[in-house]
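The two complexes that follow have chain A in common; it is paired with chain B in the first and with chain C in the second.
Moving on to the complex of A and B:
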């Protein structure tokens, strides 16, 4: 009961957000807002879970998108497999959902066990290196993954509990519920003892060790949970696009996720989500006016990083006096 | 997936073995040049240059353009190195030095943005297609015959030149005045500047040197590899692996690790083509688990 009262406010906000999101789904006829929101759910989970590593625990990962891609590919491959579908029938989607998260968890445990002991710089570039390993596996294992072209041919979406994910409204509602549950989970972790341990490790690893925190174990658990949440983002993207693409595992995806966090600010819980929205808007606008999106995005990043020296949201909040320096 | 018969057959024939060893050495030596630049910059500035592959790419493209005009391979390699070096000094002074000592997040973002910008600029200037430079006229000679295998003169030249450049770099850092100032500044830069030495200048020069090493690798590789925007990223990951195996900051370590990796690539392409990347990462993971500082560095990486 104490757990519930502690998080009563967060749970109420989560319920409220789900209702709002579902209402948007019901009353907005035009498909654009729903499509836009689904992509925000997906990349938002990538950014939010990356911030669990960077913001909560101070572990700057440059290879987080690997787990996003792995979740998406695992989910897509399971739902393309005939024997899987005949075995699980109507429950296929649910089973595939949890199995994909589980697979990502195992993979991230292996990568994490190698990486989390290392110092900051080593950690950043090893996570990047392992992401590129996954990318090269995806691109070269053509018979399984479709290589460069991505996972084509669509995925099966059998109806379960009256939910038909090939219907865009059902799909949108399903994704928004999953999304809010994941964000709530991150919030609870952040406010729990586990979250306090992470912040202590971030600020002073030696002190945390003296206080009896098993630093390696806590960091590894954090790495695994963050990866599993990222894989949910990938699963949502696979549901949405009905395929999976190697670009998800490419290093630029991780760079983009880091920039989303930076835009929104690492010190605000929902900051990365705001950053996700901002970056998608920036991308859309740039694509409208220029064919050299990378060039323009690169210049924007340089201006934000070297000019503002902090996230756009943090900068604005400080300017207006809402957030104290 | 594994074809050990092919592997055994190959090593049963001296000619095949010689061919595989030469191509392994070529891959290894070019990788060594890139990785030595990376490890040099890290050893002194304690910065991982995530944009290091960009200078490899820039060196290759500069060399290609110079070759079109002058038709001299040696001159184009020199221009590639010099261009990458100057571009590197520009990158250091204008961009990355602004985030020294800051959160690693900022350094990552600056490098990420820099890679996006240069890749797109290369697309604008040279186009998105694959470019092949072809074997330069100077090296259109009859191949050497060693134990029945054929070794093109260009390959022999590349291997020897890379080795010479590597040795010169080690001598520059360990024996010259420039080297001792840079090493002293890495230990204690306030003290070195108190002696009246302009430390930022030396840091910029060192950064430029590291980038020039990547640039000359790209320039030398231009005849044997195809040029494409974004070509730098693959070699960046491989030079990471080299520096992890050899140890951060150690140039001799980078040399041995690069040769190990080069041979893994060339021999693997005969016996287990699909598992080459996997094996490289496996070697790296094993080194990290048992000796996280790398094979040739004493101390701790924690």
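Moving on to the complex of A and C:
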């Protein structure tokens, strides 16, 4: 019974989603839906991976966007480097993709090893502190990162396997596939043995220890995986904007990801993704009518959180009786 | 055989465990009694690695297991249930047992193995049968009764297939009827699994009915150790704990 056969349903849903997303790309002429979806892929991965920490494992991080930013910057910097491009030629994108994720993995292992031992509020504050550290490095190391201007001048996108990422349809398709693979990965982890070890730790860490769970190790692995998935979100954003920006590493970016989770719902697997869509839509709509985007968005979030006392998806599922209280 | 020798532990000025030496022979059923704050739970915490000892030794067979991590103590075959039931509120009863079985099988860190597998479910169902909890299988743990939570807590410890099972006040907070049912369950499991069982208990009827050996703690020190008969007639224990008019069954 081992292996992937038991994940068949999730794999089928993932395949189906990829097909739908690709069809949207082919048949919708207007660029807005594609651009909107790419931003959903990117920030959706940030929120979904953060919920692996918060929702699965009960580790509330305030500094998750650091890994999003690191992935984006690493990817952008590699593809701006002449020597990297001459070394890897047509494979540059693929190599940069994996190297950026790997770098984030290493960085998050170091940060995680320090933070993961700490409980709740200390964990939250220390992750935040490390994020602000990264932010100040990005802003002050102007020669490398462009400082608060961001990584300017565009990035190279050599064609590989017939995929040309400067073509908007290719780029969109590429990003949708990567996005769905990451979501599927999170889903599989959520339903795996590892996912249940996380639930044990979230529910009752002491008891988990007395069952022989290696709490520190499990939390650290979770932290690293979540960070690597967040870095993929950053990579998608870098591909999309052809640059990287220090705001990605600013604390508000992590705060936004927490809002997304709160809007959609912490306890439903896809809740944070729905939250991402909602927050983006709210942002876009509010921007049309008011210059006080943040204020209005903040009020809407407060209404949802205080009014429903749960995420929107959780609320709707309970109302329709699908989810029991 | 589990043995502890000259075990001590203080918290600031409070000596919670004071030079305690004890033996728990294989397959025995022993109880630890004593007034509130006597250091009973602390003794469990020292044996199971939750607290580091100040001095003294804990030995399993001939192996020194003093100050090993909780996980390593568990791997050696010592597991415990808690004074305040210590469970996983958001999981169902069956999922909780499946989780601890998964941990026992050393599969808890598998990233790509689906948790809900036939084999694990069957293993959990067997355990549910033994615990007589089948009807609660799919109930979320935070919704089951206090008594059932205590049984589940024991079930979690039991699922690790221990040689030595330590129960901290298994009948705490239960009504008389529930109490005796719990006692039956404990005795049944002890015989079925051929456990070395150690339990802390305040109900003297229970203690004197089922224990083979009783150890009395007071102010962190061992006041007396012996068979129920010996303890019942021990002047010091009567004066310090049982009281003049104590009459055990």
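FYI, the second predicted complex is superposed on the first by the 322 of 325 C-alpha atoms of A that agree within 3 Å, B and C clash if a C-alpha of one lies under 4 Å from a C-alpha of the other, contacts with A are read in each partner's own complex, and residues count from 1 in each chain.
We take it that a contact is a pair of C-beta atoms (placed from the backbone, for glycine too) under 8 Å apart; a residue touches a chain by one contact, two chains touch by 3 or more.
What you are looking at is a predicted structure, and each value in this text was computed from that prediction instead of being measured.
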* Since both structures carry chain A, what do chain B and chain C do when superposed there: clash or fit? -> fit
* Between chain B (first) and chain C (second), which does A:221 come into contact with in this model arrangement: first, second, both, or neither? -> second
* With the two structures laid over each other on chain A, which partner does A:315 touch: chain B (first), chain C (second), both, or neither? -> neither
* Structure fact -> Of the two partners chain B and chain C, more of chain A gets touched by chain B
* To do: For A:207, select first, second, both or neither according to whether it touches chain B, chain C, the two together, or no partner.
  => second
* **Which superposed partner A:117 touches (first chain B, second chain C, both, neither)** => first
* **Touching partner for A:84 - first (chain B), second (chain C), both, neither** => neither
* Could you look at A:126 and tell me whether it touches chain B, chain C, both or neither (first, second, both, neither)? => first
* Look at A:140 in the shared chain and tell me whether it touches chain B only, chain C only, both, or neither; answer first, second, both or neither. => first
* **After the two structures are overlaid on chain A, angle v-u-w for chain B, chain A, chain C in degrees (C-alpha centres, nearest 10)** => 80
* **Where chain B and chain C come nearest after superposition, their Cα distance in Å** => 11
* Where on chain A does chain C make contact in their complex? -> 1-4, 6-7, 188-189, 191-197, 199-200, 202-204, 206-207, 209-214, 217-218, 221
* Any idea which chain B residues touch chain A in the complex? -> 42, 46, 48, 50, 95, 98-99, 103-106, 108-110, 112-117, 119-121, 123-124, 233, 237, 240-241, 244, 248, 274, 277-278, 281, 284-285, 288-289, 292, 301-302
* Complex contact set, residues of chain A against chain B -> 54, 60, 62, 114, 117-122, 124-126, 128-130, 132-133, 136-137, 140-141, 251-252, 255, 258-259, 261-262, 266, 292, 294-295, 297-299, 301-302, 305-306, 309
* Name, in rising order, each residue of chain C that touches chain A in their complex. => 48, 50, 70-71, 74-75, 79-80, 82, 86-91, 95, 98-100, 102-104, 107-119, 156-157, 160
